[in-house]
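Chain naming follows the written order as A, B, C and D, and within any one chain the residues start at number 1.
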Amino acid sequence: MINVLFFAQLRETLNSQGVELNIDTPCTVSAIKNALVQHNPNWQTHLNLATVLCAVNQTIVDNQSMIQDGDEVAFFPPVTGG
Amino acid sequence: MINVLFFAQLRETLNSQGVELNIDTPCTVSAIKNALVQHNPNWQTHLNLATVLCAVNQTIVDNQSMIQDGDEVAFFPPVTGG
Amino acid sequence: MTALININVQTQDFDVAKEYAALRQNNTQDGAIVFFSGLVRDMNQGQDVKGLFLEHYPAMTEKSLAEIVDQACTRWPLSRVRLIHRVGQLHISDQIVFVAVSSHHREAAFEACHFIMDYLKNRAPFWKKETTPQGDTWVAALDKDTYALQKWDEHDQ
Amino acid sequence: MTALININVQTQDFDVAKEYAALRQNNTQDGAIVFFSGLVRDMNQGQDVKGLFLEHYPAMTEKSLAEIVDQACTRWPLSRVRLIHRVGQLHISDQIVFVAVSSHHREAAFEACHFIMDYLKNRAPFWKKETTPQGDTWVAALDKDTYALQKWDEHDQ
């Protein structure tokens, strides 16, 4: 099982703090996005924005990175701290 | 008349805080150095060091700058503040 | 050289005088302290701002800040690094972030402090939502913050 | 933009907390404060240092510092600049120099503060004489301080 989290504007747009996902692992970040869109077709535009960042186990990764069972996968917009 | 000042290591090496100089003005910084060396031949090596800086009326200038009567001319080693 | 590193993510304000004193305490080998302090402006991206809320990703925040500071310590000989970032509700003129670096020499201190802020702006999981007369709006990330990282790639150190 | 500029050359110590508070006071438009603080190290150019004496050229010192700060204000949009340089007898860990800059954005504040220190090191008429176990010696100017100015020539701003 994969724990998926959303933050900031993406959390508000999707109206979701996150979901738990049962999928075949290992798989890529892109595969996770596809699985999320299959469950919620209206998330497609928002999740596939080129600016959306992904962190796996709290480290930023790219779309080709591999996800293992039990990983924490977070999606969020560009950061604006500082 | 020109008021000439020396600072820091140069002041100690020349054993002089400064001198007053009566010379024909306008003249260059180089001419001032030559006049000083004429009065004190042993100052030659120290005043002609490439690293020695010159300020005329409290602004750093080069050897070709012109000096007017009444100017304050200071010679000093590279600065080491901060 | 192993740097003394101290990082906090907190809702409460911080005291710059206390932090500066801590950097100087029992420190006779450093000649340079550089610090950056980030404050809430009353105007941002052309809009009046009344205050802002800082959201973050708690499990990731300190980890990402520690990675950025570690990178800085690899690039420059630093003695002490202090980083504080606030989260939650903030008001105009409030302190948001504090980065202080001490080093033997000024060049390392200036560059490392600047580097940490540039990477924090692009990598650390904080998001600002501003309160404006038009309602609450998420702050947009700026291209210039992304470009700011380029100077560290080109850097020949 | 006209910056508020405040420059002092003094024998007495300064209080960083007070200076930082002054930069923030009634200042709601600035998002960034960068400061540099220079301290007396116990070791310099390979020698043990017990203390140092800072000589200067009084008639020229403030004038040259004002020129450097004015140059920085021409290059970057700065709101406030504070510069304090001490002269006379100083001891290990004493504060020597303080440069603080506030600006709307961090890039201007970082660069201007760094610029002012680099120029001060090369242009302002201060000279350090250090007390060491081998006697009092004048500090040698370093080539790296001269090279430090090159980054501002290449700067395409």
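In the analysis below, a residue touches a chain if its C-beta (ideal position, glycine included) is under 8 Å from a C-beta of that chain, and two chains touch if they have at least 3 such contacts.
Note that this is a predicted model, so its numbers are computed, not measured.
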Most remote chain w.r.t. Subunit D, using mean C-alpha positions, is A
For the pair subunit B and subunit D, the C-alpha centroid-to-centroid distance in angstrom is 26
Whole-angstrom distance, CA centroid of subunit A to CA centroid of subunit B, is 71
Per the C-alpha centroid definition, the whole-Å distance linking subunit C and subunit D comes out as 22
By the touch definition above, subunit C meets two or more other chains at residues 38, 106, 117
Residue numbers in subunit A touching two or more further chains are 82
One finds touching chains in the pairs A-C, B-D, C-D
Listed in rising order, the residues of subunit D that touch subunit C in the complex are 16-17, 20, 24, 27-44, 92-93, 104, 106-107, 109-110, 113-114, 117, 144, 148
The answer for subunit C against subunit A in the complex is residues 38, 54-57, 59-60, 63-64, 85, 96-97, 117, 120-129, 138-141
Subunit B contacts subunit D in the complex at 5, 7-9, 51, 55, 58-60, 72, 74, 76-82
